[in-house]
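The structure appears below as structure tokens.
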Amino acid sequence: MADLLWPGDARGGDHLTDASFLQAMVAVEAAWLDLLGIGHGPLPDLDPTTVSSEGAGNPVPGLVAILRERLDGDAARWVHRGLTSQDVVDSALMVLLRDAVSAVGRELRTQVGLLADLAEAHRATPMVARTLTQHAVPTSFGLKVAGWLTAVLDADDDLMSLSFPVQLGGAAGTLAAVVELGLDPAAVRDRLADTLGLAPSLPWHTSRAPVTRIGDAAVGCTDAWGRIANDVLTLSRPEIGEVSEGEGGGSSTMPHKRNPALSILVRRAALAAPQLAATLHVAAADSADERAAGAWHAEWATVATLVRRTVVAGSQATDLMGGLRVHADRMAATLDAADVGSEQRSMAELAGHEPRGHFRGASDEIIDAVLDRARRSLKREEDA
Amino acid sequence: MADLLWPGDARGGDHLTDASFLQAMVAVEAAWLDLLGIGHGPLPDLDPTTVSSEGAGNPVPGLVAILRERLDGDAARWVHRGLTSQDVVDSALMVLLRDAVSAVGRELRTQVGLLADLAEAHRATPMVARTLTQHAVPTSFGLKVAGWLTAVLDADDDLMSLSFPVQLGGAAGTLAAVVELGLDPAAVRDRLADTLGLAPSLPWHTSRAPVTRIGDAAVGCTDAWGRIANDVLTLSRPEIGEVSEGEGGGSSTMPHKRNPALSILVRRAALAAPQLAATLHVAAADSADERAAGAWHAEWATVATLVRRTVVAGSQATDLMGGLRVHADRMAATLDAADVGSEQRSMAELAGHEPRGHFRGASDEIIDAVLDRARRSLKREEDA
Amino acid sequence: MADLLWPGDARGGDHLTDASFLQAMVAVEAAWLDLLGIGHGPLPDLDPTTVSSEGAGNPVPGLVAILRERLDGDAARWVHRGLTSQDVVDSALMVLLRDAVSAVGRELRTQVGLLADLAEAHRATPMVARTLTQHAVPTSFGLKVAGWLTAVLDADDDLMSLSFPVQLGGAAGTLAAVVELGLDPAAVRDRLADTLGLAPSLPWHTSRAPVTRIGDAAVGCTDAWGRIANDVLTLSRPEIGEVSEGEGGGSSTMPHKRNPALSILVRRAALAAPQLAATLHVAAADSADERAAGAWHAEWATVATLVRRTVVAGSQATDLMGGLRVHADRMAATLDAADVGSEQRSMAELAGHEPRGHFRGASDEIIDAVLDRARRSLKREEDA
Amino acid sequence: MADLLWPGDARGGDHLTDASFLQAMVAVEAAWLDLLGIGHGPLPDLDPTTVSSEGAGNPVPGLVAILRERLDGDAARWVHRGLTSQDVVDSALMVLLRDAVSAVGRELRTQVGLLADLAEAHRATPMVARTLTQHAVPTSFGLKVAGWLTAVLDADDDLMSLSFPVQLGGAAGTLAAVVELGLDPAAVRDRLADTLGLAPSLPWHTSRAPVTRIGDAAVGCTDAWGRIANDVLTLSRPEIGEVSEGEGGGSSTMPHKRNPALSILVRRAALAAPQLAATLHVAAADSADERAAGAWHAEWATVATLVRRTVVAGSQATDLMGGLRVHADRMAATLDAADVGSEQRSMAELAGHEPRGHFRGASDEIIDAVLDRARRSLKREEDA
């Protein structure tokens, strides 16, 4: 864990650490032994620092060597037979990614609820809309929040469409060893997927869309949260003061200061995530032969870092949304003082009537439509 | 066009040029006038270099000024009323992106056909599988092509799921001007979308998933083609010689040389695309207020370059696949000379039988499954 | 030119266009003919769209074919002999990059002068310092500008350290053709560099630091300007109002609005530049053999776009700095109203004395040191 | 440490871990107490997981709170007084980066020696040059290695030009607290720099070139090594077989296989590094106010990961170069069989003489020039 270099990292718990990666790889090997019908006791609980990974370029040969030493008889003889390193690494990572994405999904659903409530509560809280940093026209805080909610729902849609395929191809994606051992390739693939809770799949050794899609969806989340954090950072500037973070963080030298620490850390994640997803695409584009020499290896830490940070940022974003304080009086005062009637005047003149009492346009209909989408989304996911 | 700095760019035709962008913006303004019921002749055909874009930070105010000069009476008075610059820019870009993505889709479908034929034709053409650059086990060229086809089908799935929403929010996403003008916001939104061939949508001024999804899907395509190009580049090395490009390109100083020019140019696109998509995410994450100050502006040329290059690379990839020459004799010779029986021997020993005649595993079933997916995909898209 | 998709692009003039690239390639061929002692008239002025670039993967074979057609006798027979495509492309690009970087350097020097004057003029203009968006302690606008100036000087240092090497290696970096033709390789290399105004260099076909350094230095510039634009965007928010752009841009629907258009466009460039430089590094890292298959090709448009945009952003940044309006009254009012004495009180208490009259610390010394650095930098560059 | 997700990470030792970051921050606080003339015992050795970092957005307030608890009397009262969090974080990171860059520099110098020897030993070992994957003309392995050496020397030049500035600005870069405490700002800045082994510097809170330059130089290293790894990966393909890694890594299922594991892991690092450096630039461009809200925070883990991986890749690259086996017989056989005389024939014909005995051009002069540069570089660094 790197909580000092990436404050808040501890929120990521065991997601996508070396230790959980090792555990998942052992789980794949255990599932495979079961599938081969080979009896074995509990596989050993290993210390990640004892597994050699560099010599072979990946940790599986080192892990298998230890397992062969520690297991007895048939289990020692049969462990890993029919698999290749990539089957174990890819399947184990997919198990971890599925769990981490699931944690992100839970945050998103909590956020949908929080933002829906906030949009409803403030649908008629007037504030000034700002475009290109300048005062534009009147809007409501509820409509702004409906925009945040839209972004969160978009992110959730992408996340929900992800799938986490098992990898089972053998040495070069032909499943030749599996067939040589007399197994039915389609049947073992489906059973392995089922045991690990992954989606059945043909081998995808060098077709890396399953990985890039996860990366892209993770960045979709940090994009949505980053934009919300930006708004909070702007609106909580003392000169604006229209919202503030629930608590805020202290300063090491200025006792009076309250910093919008959660927004800062969320924005941080949003700045760093896109480049990690780009690395996954560079790796996918560099895939080659029946196993890529370097591109595959670049994926593991990259996707692990990206998705773990997404778990962290998601949790921070939930806290940010849940604790947000809205200062409707400051919003009203700013709007009153702002000269934002010019569009309305020119439209009214054009239409040949006096400007109407308000200029909120379709705000209510838009908020209603977004809230309706939120309800359907939550319902759909409950049903799933 | 930048055909010298980006060879092959001319294949992009009019997709996403300044001129077509201008035309699309004019089409949005025309559709809006129609929707307001304002009669007008054909809107003028303008020279992109006459439209000022820098003063306002975007080209719409400059365009509207020209239109007001060139149009008469009501048309001059009503042009653009109720819209904001972002409505015009975003909707126009979506029109162009829809057309360009559609062109990419056509390439993908052609490629699915070409690769399906190639996989079928070579399902039993033996070759050596290479992992981490080294000879691994036997495989067939058909199975390799089935892997390429899988990547192309994955890219197509992502592309087909894209949607191209109209933008109509007015000054700050409230549609206030539209309401002030006495129009029904939902109705005009739907009619504008319909006229432009875009998807109806609530305003998405600062929720930029529609743009990042297009970027990600475009990179999904270049990833798939890049991986195919990598294989061709390796397999057409003279020492390997298992495939070659149909024609190949000449050298300026070495008369004997035939270079795999299409593969080179496709790989080039695949190396450059991920970072462009990352920029779209950085911009999405930097969105703020009711219109972002810089992040929105960073999108236009970035997504235009990325998607135009995807059109170009798609066309080059189709030519590459269509012209590929397969040298089955060289494949056979390499496989015969290779020492790739070790896995089979150890599996057979483990299973207690002699090694079987071949070691192709589930290759046929995998090829069949991929071909079946290809047929269903083509059928689904024909039906659509 | 893409002035609609990248507003302000026209400021880039002829820098790094297809047309100027073609002209530079012709200049390289002409210089080579001269060096071979082959008489020739003026080489033809060609239309970039007539030069085929895709077939060979680069534009040189197409260009040479045209030149051979258009030139007479010895010139037709000798044109390009001894060179390879990469010699022409790399040298031509270096000529263009040198000119564009030189244009950026001129902007930087103008900016150093503008910012030095601004820092001096406002060294005692009090304002509140903001950290993490919140009011921190008092500072002066002059000290803020000294910070801007430091960033500009840093960028200038990096830019000034660049070198633009000639490329002359022949088919594979051995200069074998040159030697076969009886020429002295070191002598022709130096003479070609001299004629083109480039630095003499050993072949660097696959050692791409000359390109990545230019990219990194360009991003160093947009980083510096982006940070200044950020400050202007924040400080020109109506609630803060401490600075404003000289003119500002208009809105297409809100007659009252003045947008900070230059800051917006500069920030845009700063968001998009880092990923372009990253692509140059991805390409450099993918270099291979004696000429890379795709990585080299990915550089041309990428570095051209990056550096041309740097020219544009530099010119916009100069206008931004030159036109900036400083509202000292608003600065003073904000500072007076802010509660920023807590650090001073705690320090004074700790030191056992009453808080002193002001709390500007070493502002004057820092401003002096930065101004001194600015003067030395301008002097050094005048001397050079 | 993440040795399973990033095989070889253990080579990074204590560089840039959370624990060493904490230790360096404590060292900054201790140096500051010394500078204030406050007596104190050894500062406590803390467990990184006990220091809270998220509440304040950075670890310094949490660290200072612990130090105040653990220290006595004056030390407790004076610890951190006059500093701000950014002074401690930035200075501590610079200490760690200096040490890590120094470790990279040692690898580079070893590599310069290894490659110089290799270039000398093989200056006349003939092999075929490959451009765009195809056979081009004859070259020598020594000349290829001279190209590798050039890239390594370029990387070393950039690394050697780095500087590691102390950060000392107080709350907002004015050094006001320092002055309030009665200290001489220039003097304490220089003394703090001296104690920590950093370069004296004006505050650079929001001018982030010191960080981006380190990132760019690190990527310059991985670019150079990546290109060498690419060549080894290609040349060690069994069909080519002109070089091989000293040992190579095993396979988990194919007993016969030897994989070029070091090259694979070096290439991996080269694929992932550019995007990390881009994030540092995105952060630099997003700097704002007197301390950035998120951009600053995005730097720490990013630069730590990037530079630690550079240490790892540097060590792996040294092993790769030191263990490389050169198969001159295979090189000669490939060259003999290749049809690479066409350029020579056309040049000789043009020059009106018979082709000369060899076609190595200026290879020897180039090798000599690179070796001379290598010697001067090693000498200069010894002297430094």
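All chains are identified by letter, namely A, B, C and D, in their written order; residue positions are counted from 1 within each chain.
Keep in mind that, in the parts below, a residue touches a chain if its C-beta (ideal position, glycine included) is under 8 Å from a C-beta of that chain, and two chains touch if they have at least 3 such contacts.
Computed from a predicted model, the values in this text were never measured in an experiment.
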Smallest number of contact steps required from chain B to reach chain C: 1
Which chains does chain B share as contact partners with chain D? A, C
Chain centre separation (chain A, chain C; CA means) in Å: 35
Measuring centre to centre with CA averages, how many angstrom lie between chain A and chain D? 30
Averaging over Cα atoms per chain, report the distance between chain C and chain D in Å. 24
At least two other chains touched by the same residue of chain B: list those residues. 57, 81-82, 84, 130-133, 136-137, 170-171, 177, 233-234, 251, 253-254, 259-261, 264, 267, 270-271, 275, 278-279, 282, 286, 293, 343
Residue numbers on chain D that touch chain B, as the complex places them: 130-137, 233-234, 236-240, 251, 253-261, 264, 275, 278, 282, 286, 334, 338-340, 342-343, 346
Where on chain C does chain B make contact in their complex? 1-8, 10-11, 16, 18, 21-22, 48-49, 51, 53-61, 64, 80-85, 88, 170-171, 177, 229, 233, 249-254, 259-261, 263-272, 275-276, 278-279, 282-283, 286, 293-295, 297-298, 300-302, 304-305
Which residues of chain B touch chain A in the complex? 57, 77-78, 81-82, 84, 129-133, 136-139, 143-144, 147, 150-151, 154-155, 158, 161, 170-182, 185-186, 202-209, 212-213, 216, 219-220, 222-224, 226-227, 230-231, 234, 267, 270-271, 273-275, 277-279, 281-282, 284-293, 343-344, 347-348, 350-351, 355-356, 359-363, 365-366, 369-370
